[in-house]
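As structure tokens, here come the structures.
In what comes next, chain A is part of two complexes: it sits with chain B in the first one and with chain C in the second one.
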Partner chain A sequence: MATFKDAAEVYQCVGGFFKTVTDHPEMGEKIGASGLIIQFVYSEPDSIITVDAKNPPPKGSFFRIIEGPCDLKPDVKMTMTADIAHRFWFGKVNLVQALAKGDMKAQGPIPSILKLLPAIKPAYTLYPEYLKKIGKADKVI
Partner chain B sequence: MLPEYFDYHIRSRVVAGPGVASALGNELRRFERKRAFIVTDKVVGQLGFLDRVKKSLADAELDLVGVFDEVPPNSEFGVVMRGAAACRAARGDILIAIGGGSVIDTAKGMNVVLSLGGDYIDYQGFGLIERQLGPLVAIPTTAGTGSEVTAYAVIRDDATKSKQTIVSNHLAADLAVLDPELTLSLPPSLTASTGLDALTHAVEAYLSTNWRPISDGIALHACGIIVRWLPVAVDDGANLEARYEMLVAACEAGMAFSSAMVGCVHALAHTLGGLYEVPHGLANAVLLAPGMEYNLPVAEARLADLARAFGLKPTGDQARDARAAIDFVRGLLPRVKLPTRLRDLKVPEGELALVAETACLDAAIYTNPREAVAEELLEVLKKVY
Partner chain C sequence: MNGYCGKFLRVDLSKGSLTDIPLSPTVLRDYVGGSGLAAHLFLEEILEAARATGRMPTGGGVASDAGYPDPLGPDNPFIIATGPLTGTRLPATSRWTVSARSPLTGLWGEANVGGFFGAELKFAGYDGVLVTGRAAKPVYLLIDRGRASLEPADDLWGRDTYDTADLLAARHGAAGTADAKLRRPRVFTIGPAGENLVRYAAIVHDKHHVAGRTGMGAVMGAKNLKAVVARGAMGQAGQAGPEGGFTLADPAAVKELATGFVTRAHENMVTKSLHEAGTIMGMDLGGLIGDVPIRNWSLGAWGDELEKVGVGGYGAVLVGTSSCFACPIACKRKVTAEALGRKLENAPGAEYETLGCLGPNLLISDLPALLVAGEVCNRLGLDTITAGGTLAYAYEAAEKGLLDGLVGAGAAAELAKGWGDAPLMVRLIEDIAARRGPVGDALAEGSTRLARRLGRPEALAFLATARGLEAPAHDPRAVHGMALSYATSTRGACHMNGLMYGAEHAGVMAPEVGVESDGLQQSSEGKGRLCKLAQDLGAVSGQSAVLCQLGGNMYSANDLAAMLNAVTGFGYSLEDIMECGERIWNAKRGIGNLYGSDGRDDTLSPRLLEVLEDGGAAGSEPDLPGMLAEWSELRGLDERGYARREVLERLGLGRLAALIGEV
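And then the complex of A and B:
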């Protein structure tokens, strides 16, 4: 059974979490400094989250989050199921193995993708905390 | 303990033997194609290797409809697109790559563009190619890259001065042809640097966090063959047995790292190639022992295994054996008359920090056994400068 019942729940959990780190002093700053547009294209349920670190962010944020389809041309596009995305933010997905197994696809310059991996490590503890905070403790794995 | 999950994939049929490049009639006939297009470089053309392949084409009743010989040592995006356009114009329906890694990677890139359309850069990434490409035959003329069997195409992007990678199991050649006669004319310096490239593939595949049991066996076997036969091939280029062993070992090393991937030595070598056009094999050669040493704190047992693969007698002391493997590789460089210092490769000393930082963004760094930190890699570079 899929972790998320619909796109709205993906946006509430994953999208909402992304929004909480837009002003994170460590993660946010590094993602913002990448200058990239990274698009996460999820299936089961279909949903899209775009991280825009290229265009000017809202005041007080290092980057902005767009939920749903948008016209921005991504530098990097990551395609996966929402379940894999959920597990990824717990630090439970080995990126290389996921790519090799076909659980994830990465389009764009691989170095740009890898560049962000060290930066997002704090997310692995922040994501479960965020889920508990919004009353989604049942999603914690 | 076995990894929680592993996959291992080799799609290439491999044929090997002295003179096999001119006896491919039956092999080529299986593809049921009519119009062969050769991808190569000027040097290969001058050496007369194309004539051998032409005989095979005639035996298979294949028309040679074009030769693209404009591949430079470090090929770039534009070359791939020009080659694809030339093949399309000639209506070639089977690609035959004859040359070193740059030629074979260029042919892989051309095959992607010819089979799927669009621009080479559209396919930059991991796992984006989901269907079989057109037929590709790869005939290596160096014993180094193993590109004939790997799932990678590494091509330079002149705009960003970086090497960019496409990863897909569909990239490897359908047919890899290992003819040691085509490597007999390699000069000692190129024999040595390409041989060290192959050794680096085998060593880093074995040390990789993405190791798997099957690649382990192949990598260790390749290590043993390379350290035994590389000095012979360097000293006596006409030794057909040494050339044969090296060509097969380089192919094995390619099979190992195609699944297991590589590590910090390659990350640094890719960076030196991208920034300063340092030949890949030379960069790997100079950096292999320092890279092994960098990984020593987390990979002692595997380094000790490598010592045994190199033919060193086990001492019963794992730490000592691991150190012996590193010292052995360090000693191999002067033995095959290769430079041992980065300064010999004309890398600017003032830019070592840039090299370390850039290497930390290279895809190869992700499977290095020790989590690489730019400050630490800088110390490695300073030590070997």
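And then the complex of A and C:
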């Protein structure tokens, strides 16, 4: 059974989490400094989250989050199921294997993607905390 | 014979003789090539020595020179071996191997290297070279379009590997000759570390390709063999004549496979990533899961420092890429950097293992300084993995007050403060290669022998080794299968001894022979079986065929069979390949048994199993006994950790079984 029942729940959990880190002193700053537009295209359920670190962010944030389709042209596009995305933010996805098996597809300059990996490490603890905070503790794995 | 030249060159340096060794199709089919074939030839040599002289192969176990043949003596056979795919246009197949009894571990030693030399050797007419004896004076071996000769190397002795490569390339190159079409000679050579018998001396080919592990450079140095130069008459597979070369069983099939695999290499995410980021991506990927060694494997995290030596940091020094023979992936890096008063200009750039072992493991994140250190190691001919592991061990030993008696209080105090000190690291590397002073001489022995010399049980507790070989930059606490893979590797702690690393961490998938990970790196469940199968498949693919274990990650077992069959015409089934792998693995394990290693060595030094408090592998504890029990059962080992006689006999290793029984 899929983790998320619909796109709204993806946006509430994953999108909402992304929004909480837009001003994170460590993670937010590094993602913001990348200057990239990174688009996550999810299936099951279909949903799109775009991280825009190229255009000026809202005050107090390092980047902005757009939920749903948008006109921005992504520098990096990551395609996967919402389940994989959910597991990834717990540090439960073997990244290389997922890419090799096609469970996760990446388009764009690979060094730019790899450079961001150290930045996302705090997410592994922040995401479960966020889910508990919004009453979604049942989704913690 | 297709895929092979069908012969090895035998070089007896004591006699100065050069003769051909014909290879039978049966032996080639059973042992494939590379270090698998080398293990067979090694066994034949020691069996012949036992028959002729009555001297039985014996040893004193891990990190011991005891027994026969002495790893640094004339009778230790040193074997250079290519594989059937070497020299074809199939991607990621450029590699070749060097093997002997290791002067570092005292057991089976082998190292694996890419570049162009292997292909050139086959174009020059030989599948490999078997060297015995010791030259009275330094020599190099020249194999030029089917003709071999020993040449004086007095003027090369003492020179570093870069100078030697340049001098020999100039001496035997086209410049100054009437033949403008003369192919470029390919050189692999030892540096001062090999000449000085540093136990982890490497062999360096054309400055950018290193056979690093298990001290094969010291074996060459002990034989007074400075270098080997190869040049063929032609530059591609499919033709054979008196000047060299080899034919293909099905040239059209090879071409079709090559075309398809080149396309795959450009599309596969792992090979694409290797092209765009090189092996350096291991720092960023490994940093996420706690795979990178930090401060002699004692820490799980190091703030933001890993980023400085990862893909992001490397971008500032990267000026280009380069490849091995016929490989479209081009994962090698070229760099321009300046540090410690030295400049690198469009120079070969250090790879992940070098950065991991000399960098975070010594708390150094100054990337230009690490690139300089990598080049110093390459020029001097030192394995960067064991160099980093030995330095880290020495720093910690000095901190604990264990080194004062051996190297003096002043030197020990300097070592104790070595963490993070890049200039000291480079100076120590130079001292080690020269065996200069008590510190250089002691550290030239590697960490296991150094620990033993300290003569105190607590000195063994913070080694990071298996079977006397320092672990590469992949933490078994982050990827549990690596704990078993290191513990049972036939050459000691090594991520390339079998395909376990590939299966668990680098996208290798061969479900058709059971090599498929569940993706759970910090789980020990089912890893005994996976490791056994990954070892058997890897014994053929990465060690004998000889596929690159980076680019080769895109191949399945079916792909391997298709390539081998198109090139050799041997008609391997998947079962045949797995049986060959089992045979080769057991041959190497059996050689280790002859030299005194047994099941008690199927373990890791304690430091590699200490639970980390932070980082991606915090709290992770591999179930080594559980994995080992499953693996041992599948391997058919007896209570001593020896393969049962019926297992060896089933694999055609009856003579090895008898020999093990005798010694």
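Following the convention adopted for this analysis, the second predicted complex is superposed on the first by the 141 of 141 C-alpha atoms of A that agree within 3 Å, B and C clash if a C-alpha of one lies under 4 Å from a C-alpha of the other, contacts with A are read in each partner's own complex, and residues count from 1 in each chain.
Just so it is clear, a residue touches a chain if its C-beta (ideal position, glycine included) is under 8 Å from a C-beta of that chain, and two chains touch if they have at least 3 such contacts.
What you see is a predicted model; the values in this text were computed from it and never measured.
Following the overlay on chain A, a clash is recorded for the pair chain B and chain C. Contacts of A:93 after superposition on the shared chain: chain C is touched, whereas chain B is not.
Using the contact criterion defined above for the overlaid structures, shared-chain residue A:117 touches chain B and also reaches chain C.
Contacts of A:5 after superposition: neither chain B nor chain C is touched.
Residue contacts after overlaying the shared chain place A:132 against neither chain B nor chain C. Judged by the touch definition given at the top, the superposed model places A:108 against chain B, while chain C stays out of reach.
Residues 95-97, 99-101, 105-106, 109-111, 114-115, 117 of chain A are contacted both by chain B in one complex and by chain C in the other.
Touching chain A in their complex are the following residues of chain B: 5, 7, 124-128, 162, 164-165, 167, 209-210, 259, 261, 361-363, 365-367.
Only residues 95-97, 99-102, 104-112, 114-115, 117 of chain A touch chain B when the two sit together in their complex.
The touching residues of chain C, counted against chain A in their complex, run 268-270, 272-273, 276-277, 281, 284-285, 287-289, 304, 306-307, 310-312, 315, 504-509, 517, 519-521, 553, 616.
Interface residues of chain A, counted against chain C in their complex, comprise 91, 93-101, 105-106, 109-111, 114-115, 117-118, 120-121.
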